[in-house]
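First the structure, in the form of structure tokens, and then the observations on it.
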Amino acid sequence: MSSLAVEQLGFQYVQAKSDALRGITFEVPSSSITAIVGANGAGKSTLCYALAGFIPHFFKGNMRGAVRVNGMDSKQTPLAQLVTQVGLAFQNPFNQISGAKLTVSEEIAFGLENLGVPRAEMETRIARALELFGLEQVAHQSPYALSGGQQQRLALASIFVMEPPVMVLDEPTSQLDPQGTREVMAAIQTLAAQGRTIVLVEHKLEWIAELATRVLVLHHGELVAQGAPREILQCADEWGLNETRYARAARMARERGLVAKDVLLPQTLEQATNFFRV
Amino acid sequence: MIFIFDFFQPHHSHGTSNFKNSNPKLNLQLSNLDFAYPNGTRALNDVSLEIRAGSRIAVIGQNGAGKTTLVKHLNGLLKPTRGDVLIGDWNTREHSIAQLARRVGFVFQNPDDQLFKTSVREEIAFGPTNLQVAAGELEARVARALELCGLQNVRDTHPYDLQLWQRRWVTIASVVAMQTPIVVLDEPTTGQDAFGLQRLADLLEQWEREHVTVIAVTHDLDFAVEQFPELLVMAQGQVIARGDARVLNDESVLKRAGLDAPQLVRLANALGWADAPVNVRAFVAHLAQSKNTD
Amino acid sequence: MTFMERMQKDFTTITLALIPVAIVINIVVGQVVALLKIPVYMDSVGTMLVAILSGPLAGAITGVLSNLIWGWVLPPPIGNPVAAAFWGTALVIGFQTGLFANWGWFKNKLPQSQAIAYVLGAGMLLTLLQLFLASPTFGSADFTPLALTGVVMGIVLTVITTFLTWRGTFPPLIVIGGVLLGIVSAIISAPVAAQVFGGATGAGTDLLVALFRYSGLDPLTSNLAQGLISDPFDKFVSYVAVWFIVRGLSKRLINQFPRGENVTDR
Amino acid sequence: MNQSFYLDRASGWHALHPLTKIAVAFALSVTAFCVRWDFISVALFVFVVIPFAVWGNIWRPVLRATFTVILPLAVSLALIQGFFFPGAQDVLFQIGPFALKREGLEFAFVTGTRLMLIAGAGLLVVYATHPADLALALVQAGAPYPLAYIIVTAIQLLPEMQARADGILKAQQARGLETTGSLRVRVSALLPLLAPLVYGALENVQERALALDARAFRAPRAKTSWRVLRDTLAQRALRWLLVMFSILLIVASVFVPLFIR
């Protein structure tokens, strides 16, 4: 069963000259990691906003088509209800701190307070979120005192704790160093393993090839390809994606006739090792 | 009163100000550099370094290794606790940041700490205007910066109507237009797609032709080994290795720096090759060679 | 549209996120300007921004909260309990600015000749007000130096804004709005200053109050006169500053605010 | 990194419910306004505010802050009222055309000490109450929920803005902006420094709003709270008494001429 269904979605921001998205149709199966890739300006963030209901409820503009979240039409459902179904986290960890809370625990509690969750239940849920995202050590620190990677994990924890079945993550690692990226990716993997549906926008293709079950490619506001990571990322270079060095080396080797023509380009270390070993 | 900008407090005047704008051969000399933040954190520990004019160096290492602290010394943003930084014949202690801006251009990580004009063009013109570049030349410099950074189509756009990655290009362009003999880039690859990385590579080529010294702090090791002939590896406030991409073949260096090897190094290791190729071309050449010998 | 509907439309999340930022802008800009030792306060720029972008009610609330926080939540040296007493003035600044913005005063739509006429009119009103306050009809002492200063400042501001209007970059009605708002806020502030603080607020403007007292005016009128001299200048300059800030904001952002149309379609 | 005014001390005064502390400050202020005795404010300050401040172990900052606020005010007051109090007769001494009069000084004293008391009482609350607790108490007392958000966010933003201001100063200097030297140089540096600060803060507003909505900030339900405020029956009774006392005093001062100032 699919938790997110997008039909002929289009969007134009108010006073924008052209469409940010056009004719997008796809479904996201439950308990999977779906990656969205594309060059800068391809419409990835806009799509995330639409999936989480911020289009049409937050951004002014002209929306066409429909997004269905567990069967509910996002246009007809109030945002406060949609966010309990689809959680959204985005690039800049600093701006995701509510500002209204003084410690990491309180910050995580913020969403639960808004949903009116009783304090006793909050306690267990916050404890679980702190543990899952490795924030126990800093639970009583100010959110502003954390490192970038910790702040981003706090942002994810704050969404996770509200227990939305679907989590949309818009480039959660773009501001992070490799260490921070690894931390966040590990957390995402755990979430998927626990049955959450993840939609992930990410530039680092090696991670996508490693984690994603499906990949969607956006190009100039349109959905140009979707499918399994290794197949889809074959022509990553044509869409302005940062191809892995494995794929690039393999392509060059293929052009020089050093490897077989019919084998798919490798995207991960493991695939590459097998690819070049034969 | 809050001193939101500390320049309202009394300041001593900095050095003399006889500027020579064209100073093509500026070597950087860092000697016995120590730096501790006011809260006591020791960020640099006895760093001595010489960077010759026209070098292209990537500074790599984990967060907290002292990379940004180091490069912030190169244009006087930070003044050493002990030791000296010489930019050509200028000691950074004796010159204000604004004076040093004639010699060292600095691209910051967060573009929003500096953008304030209502068009990209004006924003790029701000730096050169501060350096008293004449009107005619100013136009030419801005036009050139716009072109090199791929911003011609948005020259009259409001910087905040652009995406973050584009705003980052605006700050790069504003340094390009200052035409300093030395350029420092703090995490230039953040948020860039393949087109952006290619543009960055082209810009590095352009600077190379002009003998501009380029020092970049980056987390993107794949990019660093491909685009920078020289790497400076930092850990715990010290430079632990310096050299070309082959320094990353050394397992102990990677371990001390807490870094993952670049993809090709990892692949070469997995394939059991003795030494790792620095870029895709070298990798394929090595592959071809090994196929031939088989 | 009913009041409740309007409230819901104006108090979007983005408005709520803007209000604390606006309060901090009030404080930061106010402090920096205070350091420059120029005779304006400029401590309502943030309030005015909210009023323009999110409507009069949001502006009024920002004004009140700003003064209460400045007065009672932040400690000295940043905070100053004196500010809290003037919450009423802050409320009116926010509300009035919101109304002006709704009437389209922050847009630039008038034909040039008419625009220049408005600006000249407002400038003359400001200058005449200075003259009147310094004339023997009002007080009884010799106010020549004060009158001279006021008149020169009035003329300088008139010339600058007329020039900007002539160049076509300036909405002339905000100049009138600034002067009007200054008069209104002087009228509201005077009783508070006179009754609660006995006429002194510890600021540089106390010198003016003393001057009017010396001329024989009663406490309330002295404070009123002081306000009528300082406030129109202050609001006039603040409006010009706010207008430049709004002009500098990206359209993408302005469009997200409930009353973004108050400043777009220029 | 956090706001600098709340002082975390383990004292009985700190432990009181925020509304209790506010009620004390309120009753003190009302008394100062309503009771007709020239030394009422001084008496309350010495016999109530200072002991409470000592109890809370915050007497040093409370006194320091009170006098930073009051001193310039008092000087202004003494000069304006001392020399220009309407209808004053009793000349103490003469400086050129100006006469310092007793009635004026008395009025300045009463007004000045009253302001001192109000400031002191307020600071007593501010230094001993965590702003988040204050906000929570207000919301639990029926104030609209976003009020808590606005108060706490505003005070957290201020140090953030100061940190950013430093980054901006450096960034613009690195683009060759001179910020030291003559007044003209400093004034012309103001725009490149203030503008990114203001624009940056404003441009972040949209993402902050997005993050708030993503956390169901506007959900139309009864909210719960993770933070817990300690309240007791005794404190509730005390608050009620203090409020009743204040109201009585106000009413009395209107009807009983003895009380009117």
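A, B, C and D label the chains in the order they appear, each numbered from 1.
Everything below uses one rule, namely that a residue touches a chain if its C-beta (ideal position, glycine included) is under 8 Å from a C-beta of that chain, and two chains touch if they have at least 3 such contacts.
As the structure is a computational prediction, the values presented were derived from the model and not from experiment.
Enquirer: When the contacting C-beta pairs are counted for C-D and for B-C, which pair yields the higher total?
Expert: Answer to which pair has more contacts is C-D.
Enquirer: In angstrom, rounded to a whole number, how far apart do the mean CA points of chain C and chain D lie?
Expert: 23
Enquirer: Could you grab the centroid distance between chain B and chain C? Build each centroid from C-alpha atoms only and quote it in angstrom.
Expert: 45
Enquirer: How big is the gap, in whole Å, between where the Cα atoms of chain A centre and where those of chain B centre?
Expert: 30
Enquirer: For chain B and chain D, let me know how many angstrom lie between their CA-based centres, rounded off.
Expert: That gives a centre separation of 46 Å.
Enquirer: Hey, what residues on chain D touch two or more of the other chains?
Expert: 149, 153, 157, 161, 165, 195, 197, 199, 203-204, 208-209, 212-213, 217-218
Enquirer: Using the touch definition from the top, which residues of chain B touch two or more other chains?
Expert: Residues 2, 4-5, 8, 116, 160 of chain B touch two or more partner chains.
Enquirer: Could you pull out the residues of chain A that touch at least 2 other chains?
Expert: Each of 58, 92, 99 in chain A touches at least two other chains.
Enquirer: Taking touching chains as linked, do they make an open path (line), a single closed cycle (ring), a hub with spokes (star), an all-linked set (complete), or other?
Expert: complete
Enquirer: Mind pulling up the chain D residues that touch chain A in the complex?
Expert: 1-2, 130, 132, 148-149, 152-153, 156-157, 160, 204, 207-228
Enquirer: Which positions of chain B touch chain A when the two form their complex?
Expert: Those residues of chain B that touch chain A are 62-63, 163-166, 190-197, 219, 222, 258-260, 262-264, 266-267, 270-271, 280-281, 283-284, 287-288, 291.
Enquirer: Show which residues of chain C lie in contact with chain A when the two form their complex.
Expert: So the residues of chain C in touch with chain A come to 13, 20, 251-252, 255-256, 264.
Enquirer: Which residues of chain D touch chain B in the complex?
Expert: My answer: residues 161-162, 164-181, 186, 189, 191-193, 195-197, 199-200, 203.
Enquirer: Would you mind writing out the residues of chain B in touch with chain C in their complex?
Expert: It comes out as residues 1-2, 4-5, 8, 116, 118, 158-161.
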